[in-house]
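Worksheet: one structure, shown below.
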């Protein structure tokens, strides 16, 4: 698997190793770090379909997270390899909805419904460019 | 305000400065860091009512985050002072429900419904001790 | 102690609680997080003497870390309150040297010699304004 | 390159993408995050030569960072791929010395001399097992 993961059957998959920095005192992954893992999955999905944050930014376009519904289902530990699965659900106007799961040995340890918004540098909603919508992996 | 914040009218409030570490390339607070701010608010609420993580752990009790419904409402920036507001909602058995908001100048920049579970070191649900429930600030 | 800590005898002191986010799987504070604590100490020192990152930025001035000599001396744990001590050592041109320690119960758990540089947004060295040098706490 | 990077000519190399989480308000990688990148390089070096943190722990052995001499040489940005190079230098008793660099396009953006110590769960120094020393890549 490349650094950018891979797309297959409408799903982007990215393998991530759990390091010391990801764990906390409980011995498990610190809860907020699953959101980082999901963001890596989204960045690599965009990268694989040809969209770079830096390029978006030159057009004064940024994706921001608007809403997340998060289920912390089971723990992951240091040395584990987890897989972030990213599924594109729908888009309309400035909004973009994804389903993301962090899998460990075929079991979801984290699941999130994620709503992104596209904004400009002043935070105003911007219509998501057609080429981004067309490029997203479809199930 | 002390390092532990303060409780008034059933609400715990904790002031937090936004530092470089909390921001990202966009110039705003990185989205996952609002979850860290909320966890600080929960830890200090517990501390203020006399409950320490280390003491819970000696009884083989840990709070874990089970579910979060997160709204990212507006940006906060470096040098800002935000206030985490923590409101206890309800508890039953091993579950604990809180409402948390991150305020900037009397406006919520982040809001979350948080469900915690009490578990032992093997991850099994444990009944939340009566003294914790009794100690929580009530509205 | 205020959110910005306090200056006394040429030393800035800032109290910081150790939260879940700061610890790792070992049960102790993750080593890189001591650098975050030191950065908070530096930001609050500047703030207390009247210098804001946002104001510097409007003059196209940024402090960056150039060099750090770090000793990790002892562990700190969750619930601990550590104190970051920041001592201004010397400055010349675009360089700024500080001594920083993270104390736990009057014992240093971390110590660093820190060299900062002042740069513009292109990363070019900039002379540190006289008013910043004059404002720094002197021993 | 696999998730664990690769060893060649006595050097371990690990590619890492710079994500939003790694950057700060300046638009560049937050300085303390280079230490995280180096720790990932060390973990994957150990993994590649057959040593897991979890297995060490079962023998009550932990590597901790004792000393780091860090040079922050140039900035890296979001979307960049940096390569962590880890070179084993020497070991004696409970100490382990490494040279680590973070490269961007064949230029070092960060360099550190790192001294690790092997300790038990009480923090007491422990002799590094012969098989770890023998397994380290030699230049």
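Details
As written, the chains take the letters A, B, C and D, and residue 1 is the first residue of each chain.
Keep in mind that, in the parts below, contacts are C-beta pairs under 8 Å (C-beta built on N, C-alpha and C of every residue); 3 or more make two chains touch, one makes a residue touch a chain.
All values derive from a computational prediction rather than experimental measurement.
One rotation lays the C-alpha atoms of chain A on chain D, and its angle is 180 degrees to the nearest 5. Most remote from chain B, judged by the distance between CA-atom centroids, is D. Chain B and chain C have centres, each the mean of its CA atoms, that are 26 Å apart. Measuring from the averaged C-alpha position of chain C to that of chain D gives a distance of 24 Å. In whole angstrom, the spacing between the mean C-alpha positions of chain B and chain D is 33. Touching of two or more other chains is recorded for residues 20-21, 25-26, 32, 36, 39, 53, 77-78 of chain C. Note for the complex: chain D touches chain A at residues 1, 3-4, 15, 17, 19-21, 36, 39-40, 43-44, 47, 52-54, 77-79, 81.
Against chain D, the residues of chain B that register as touching in their complex are 20-21, 23-27, 30, 32, 77-78.
Of all the residues in chain D, the ones that touch chain C in their complex are 25-26, 28, 31-33, 35-36, 39, 53, 62, 64-72, 74-75, 123.
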